[in-house]
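First the structure, then my questions, so here it is.
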Amino acid sequence: MTLAVSSDSRARPSWLAEQSNLIGLAAIIVLFWVLFTSLAPGFVSSFNLFALSRSLAVDVVIGFSTMVVLATGGMNLAIGSIGVCAVMASGYMMQTLGLPIPVAMALALLLGAFLGWLNGFVIVRSGVNSFIITLASASLFLGAMLILSKAQTFNALPPEIAAFGRMRWKFISPLLFIALGLGAALVVLFRFTALGREILAAGANARAAELSGVPVGRAIIIAHTLSGALAASAGLMLVIRLGAAMPSIGQDWLLPSFLAPVLGGTLLAGGYVSVVGTILGAFLVTTIRSGLLVMQVGNFWLQLFLGLILLAAVMLDRYRGIYAERRSLGRKDAGRRASGKSA
Amino acid sequence: MSTMTRNTTFGQRFLANEWSALAIAIAIGLVTLAVLSPAFLTEFNLYVMLRSFCVVLIVAFAQMLTLAVGQMNLSVGALGGLVAIAVGGMMEKWGFPVPVAILCGLAIGAAGGLINGLLTVRTGINGFIITLATASAFTGINLGITESIPFYNLPASFVAFGTERFYALPYLLLPPVLIAIALAFFLARTVPGRQLLAVGGNPQAAELSGIPRDRVIVMAHTLSGLLAGAAAILAVAQLGSAQPTIGADWLLMSFAAPIIGGAALTGGHISVAATALAVVLIVIIQNGMVLAKVDPYWVQFLLGALILAAVGLNRLRAVRAGGA
Amino acid sequence: MRLTIEGIGKDFPGVTALDEVSFEILPGETHALMGENGAGKSTLIKIITGLYRPDRGRLLVDGKPVDFTSPRDAIAAGISAVHQERNLIPRFTVGENIMIERPPTRNGVIDFERVHAEARKFLDMIDPSIDTRTEVRHLSVAQMQIVEIAKALSLEAQVLLLDEPTASITGHEAEALFAVVRRLRAEGKAIVFVSHKLEEVMAISDRVTVLRDGRVAAAGEPIASMNRGKIVSAMIGREERVAEMGARDVDRSKVVMEAKDVTTSFGHRGVSFRLHKGEILGLYGLVGAGRTELARALIGDGKVVSGELRLNGQPVTIPDVPTAIRRHRLGYISEDRKAEGLILAHPIRSNVAITVWRRIASALGLITRSNERRLVHPLVEKLEVKTPSIEQAVGKLSGGNQQKVSIAKWLAAGVEILIIDEPTVGIDIKTKTAIHELIGEITREGLSVLLISSDMPEMITLADRILVMRDFTLAGTIENSHRYEPMSREIMGFIHAGEETSPVAAGAARA
Amino acid sequence: SDNKIALIPGGPHPYFAPWEQAGKDAAKDFGIAAVDFKVPAEWKLNLQTELVESLVTQGYTAFGIFPGDAVGINQTVEELTANNIPAAALAGCAQDPTKMSFCLGTDVFNSAYLGTQALIKAMGGKGKIVHLAGLLVDPNTKLRMDAVEKAVKETNGAVTIVQHITDTDAQEAADQKINALLGAQKDEIDGMVSTAYIPSVVAAKSLRNLGDKRIKLVGIDDDQIVLDGIKDGFVAGTMAQNPYGQGYVGAYVLDLIASGTCTVKADAPWIKTPQTEHFIDSGTLLISNDNVGTYKDDLKKITGEIQSTFKDKYLTCK
């Protein structure tokens, strides 16, 4: 069949088919919500929903931070360190220097972006794998922060910070809206801007992109800069949540930062990201974790159940995907297929 | 390529080796520390360094094997912890003889790896997610069994193995050295070893060439689990008690060493020698920081700086070797 | 061994690649499999080798049904293949790649001496100059193809399937391959041969099967009963149309690109030429002569070390490819479209629009899919890319259609100078003609083309002048007289200046 | 009462094992509906706060918490008190300003200070020492470092501190660092003071392996390996804490507060520490060769004393 304009819209995979992975993930999340709600009524109490939305917000942004670098086929192991640098910088600026909150936060975000840029710059200039560079810079950034701050906590921040952290909109933390807002911006970036497309192209096939005129080095540097800024945002969200700037923030970000995007369909190899998928991925994990806690699964066994349910969830999603594909093929000429099989 | 190797100086040939920059960095480190601190080259300090080399090396190998086929094993540490407490429990609670307990421990490690491999291959889900999930499950079993309380009463002979030494050489060094030799041989000279690298290098091509790709991936995961188990058993001997926290901080190191040693995350390219040297380098850096009485606030910073320096050196080498 | 293909059908999302395909492959024959790009040839070969399971129909070996679940099964049954895609392990040596399926062992340990000795045996049949101890990643595209062939030969199978084995090798190696094919046929083996080069097919095959749109258009016709016209009309369902370049009088007053005594970081020496506006300047040479690398140096993917490069009269230094494209409107179509030309996982839409994203972005810096579609769609139509939609991932297209997409990309980019490296490798006759016409058309519209090709007829059809490159220097320039015989003799004369006439020249002259 | 009280450590750790029994005993002795020991899956602040939050939804009415982070926990506590759920810091304190009702635990500064003094005494008042500490980013670590330095400074130079070694609270890191220390400087140093659980264990074991009784070690907590070291002379002493007492008394007091019968007295004889102004010492004592057999009884006695006098000293009750 040669392409003809008229056939184009018809043959183009429908929006629904394109989003089938996300719909599948969403369906699984709904399944868990139904399950947890019926088993443990406390799960949908407004207190729990608030708590859930708040931890979700941070996990989503951490996931974004890794996602934008995965887009280039690279990794950023330094997100935790960048996050804590921004956190401590904001704490210093607000508590010691007494700068207004917005100024301090903006400068902290800039610092995060700068540290990310530094990563990207060194990676591109040296040609060394991003894994190694960011492994080393994670140590460097954290170390510099410790040297400068002597690991002192800033816990006399302006009270508005903590108040904002406790704020609720119905039963949802406003932090979640910040996270979703960042998500929307990222959707625009990767779908509708040349820059986002170039980042993806560079991640999918750097050589081909380069020969097509994509400034691959620049795309990688920008992705890292963005990752740094997002890591800083996640850090600042934690400052708001905890009402203090502490040096221990960011130490446990690494795995969740990968979990959300990868569950959501972002390729580790680069070239494809799913912003909504990352949100859903983080949502799935948060749901499972919170559900198990509310269901009072034995203390020490919680990790086991978390692992098993995660496995079950990804397998469910996988088989749903295979099934959906079969169905869409089968519809075409199911009769002939059947006869072919019996032959 | 062929002309390059033929008529070149020893120096150029040395530089062409992937591990040469690491070797140089290690040499620099050794000399610096020896000059800085008279204690560095004492028998006991050498023993201490060699001893802390053992577990890390096997952990790095465990990760290296999954990297070889283009996969990752995020459950190395969790599986290690599980094996550690299983071995401890078998010795303390059930009174198993040491060799039996060790064999059972290795079997548990291999079984864990097998589960990872089978799940990855059968479901077609990225190994990254599978092992992330099984890691949580393994840790859960570990904590569920122990409630985070270690097993202390291990047989004296077993604990002694973890501490005794022949001059500067700890007995503990024996298994990693044997494993390193066996692995190098396995990867270079045996059919399954080559198949492993072939699958990592180009899975599609390997499959078209009649290599059972899925089976090879399962094998890589199983071996990875086996090595994680071996590392855990050594860690128990080294620490003298079966701690549930064994393995908790293996993950980053397990990736760092093979990758600093030049392994490609995409698979198909690993080096036993370079991985071992990377571990040596890391151990020297860590030892050196204690030795040089580095201010605690500077430890992290210097660690990063030194890794970066080593990487830079390797980059320089690659450029030089390329130009030669 | 007799291989019967019975009512085979295969569907991919959106495409029926094969439908009711039946024919027979007999021992002791060379069976050509022909068809346009996307006709389903490679899919059929993948089914025979157990990589895909057929959705309908079955395979029979010597009359008995077989069901291959993996390539292992097919290999065990005595079937080996050279696939269209490259299938080598980059970090392994040539020898090990060739012997990968059954490396010789001693006491369970691989005996590398014997690996290389055995590999040598098979490699020597095609090209003795490749060292079996070199790692494959250091080889050129052509050399890799030769290794692939040696690897398939090493299985000493009863049925040998060759999917476009000659697409990226020169006449010399192709001749050697045909000699091997003839010998195998004499030994009673069956050979299936896929090629878009009709001359080759006519020369070596006994029977020919033609596929059109996944169905059999001609099944096992004896070659004697066929002629070029018959095969082509079976393939395209109508008469062949020959590229008609028309009278080309290029106005040579305006030089768009000029190299003066250029030395490059790859080792080119004293390269001087002029490319005029609207001209097609051919660059011919044997594999490894350095044509691709010259192109790289020109577009900033390598360095011009000394000498001068002028574009539209202005001396320039091009630091990188994006600058070449954006500032100097200079583009390059790679010979290796899978690795360097296309982003296989991305849809046709993105692959074509990639060079113009920044141009089609709105004032806010936003681009929409419909903007992209509006740009891409006409091009994809013009080149008759065979695809269910422009949202299809390029990796799922047939080889020929992939090449069309990579050409479409540069048409979209609107460059002024285009370097095209082997534009029709693996492209069927109809498409090839279309592409030739296209190249002619774009130059009439004012684009200038530097055309790299190892296909002498193509060169003579298209080029206005031909530069001959030998060993990283230019050996001579020829004005195209469009007369095949004297032209090819003259070109070969430059290539082998000072050498005796080699079989390559003879092979090329025959073709 | 029908209170449901949760005792929550920072993560899985053997130190807290006695809390389980303490909770059960308290529930029985004081007739509380439930005193449950709930452990976060990992030693991470966010897991701890998530656990607390989920327990609130399950109807727990009071919390005894070991702060996973002395500062980071405060926001959660603030939310608890906003919901009329009292919380107390047990074993370790939260950093002021905090809404924790009180802190019953080990004064980390004082414990480190006393431990160092004990070490100095064991060394005969002079020599060189090394301080083994936990996570550098934990605010308590800084306090302990200051405490050690304070004790050393008081010797007017007779004792010097060679270095602080931090981040030793993972088994393997501790083993590596402490052995590296011994490898490099075992002839130079005369004593080691450990202010974290794991390095205490590892140091005790390493000294035994080395067969070195010259280097004095004062550790923290009563791990079996450390106690054996004391009995055999490889360890000079260890600072015992009172986990059982913290859990037991903590549950008792939380019950009183949650029932509304009592409120915390503002002008009670609180101890002021660098961390908090509402500190109650749960009992710190040095275990040495003299009392290694009997220290448990001593701790029980202390526990009984704190419990029986708590109401009068620190609370106003209806």
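Labels for the chains are A, B, C and D, by order of writing; each one numbers its residues from 1.
Just so it is clear, a contact is a pair of C-beta atoms (placed from the backbone, for glycine too) under 8 Å apart; a residue touches a chain by one contact, two chains touch by 3 or more.
Here's who's who by UniProt: A = Autoinducer 2 import system permease protein LsrC; B = ABC transporter permease; C = Sugar ABC transporter ATP-binding protein.
Values in this document were obtained by computation on a predicted structure and should not be read as measured data.
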| item | value |
| --- | --- |
| A-C compared against B-D, more contacting pairs | A-C |
| Chain A and chain C: spacing of chain centres that average the CA atoms, whole Å | 41 |
| Rounded Å distance between chain B (ABC transporter permease) and chain D, as computed from the means of their C-alpha atoms | 35 |
| Chain B (ABC transporter permease)-chain C separation of Cα centroids, rounded to whole Å | 44 |
| Rounded Å distance between chain A and chain B (ABC transporter permease), as computed from the means of their C-alpha atoms | 29 |
| Multi-partner residues of chain D (at least 2 other chains) | 12, 39, 41, 136 |
| Set of chain A residues in contact with two or more other chains | 146, 150-151, 300, 302-303, 306 |
| Numbers and ranges of chain C residues touching at least 2 other chains | none |
| Every chain pair in contact, whichever chains are involved | A-B, A-C, A-D, B-C, B-D |
| Residue ranges of chain B (ABC transporter permease) in contact with chain D within the complex | 37, 39-40, 42, 44-49, 51-52, 55, 140, 143, 147-150, 152, 163, 235, 238-241, 243-246, 248-249, 283, 286-287, 290-291, 293-297, 299 |
| Of chain D, residues touching chain B (ABC transporter permease) in the complex | 12-14, 17, 39, 41, 133, 136, 162-167, 170-173, 175-177, 179-187, 201-202, 205, 209, 224-225 |
| Residue ranges of chain C in contact with chain B (ABC transporter permease) within the complex | 49, 51, 70-72, 75-76, 81, 83, 85-92, 96, 100-101, 103, 105, 108-110, 112, 131, 133-135, 138, 151 |
| Residue ranges of chain A in contact with chain B (ABC transporter permease) within the complex | 77, 126-129, 131-133, 135-144, 146-147, 150-151, 254-255, 258-259, 262-263, 268-269, 298, 300-308, 310-311, 314-315, 318 |
| Footprint of chain D on chain A - complex, ascending | 40, 42-43, 45, 47-48, 51, 55, 58, 146, 150-153, 155, 162, 165-166, 241-244, 246-249, 251-252, 289-290, 293-294, 296, 299-300, 302-303, 306 |
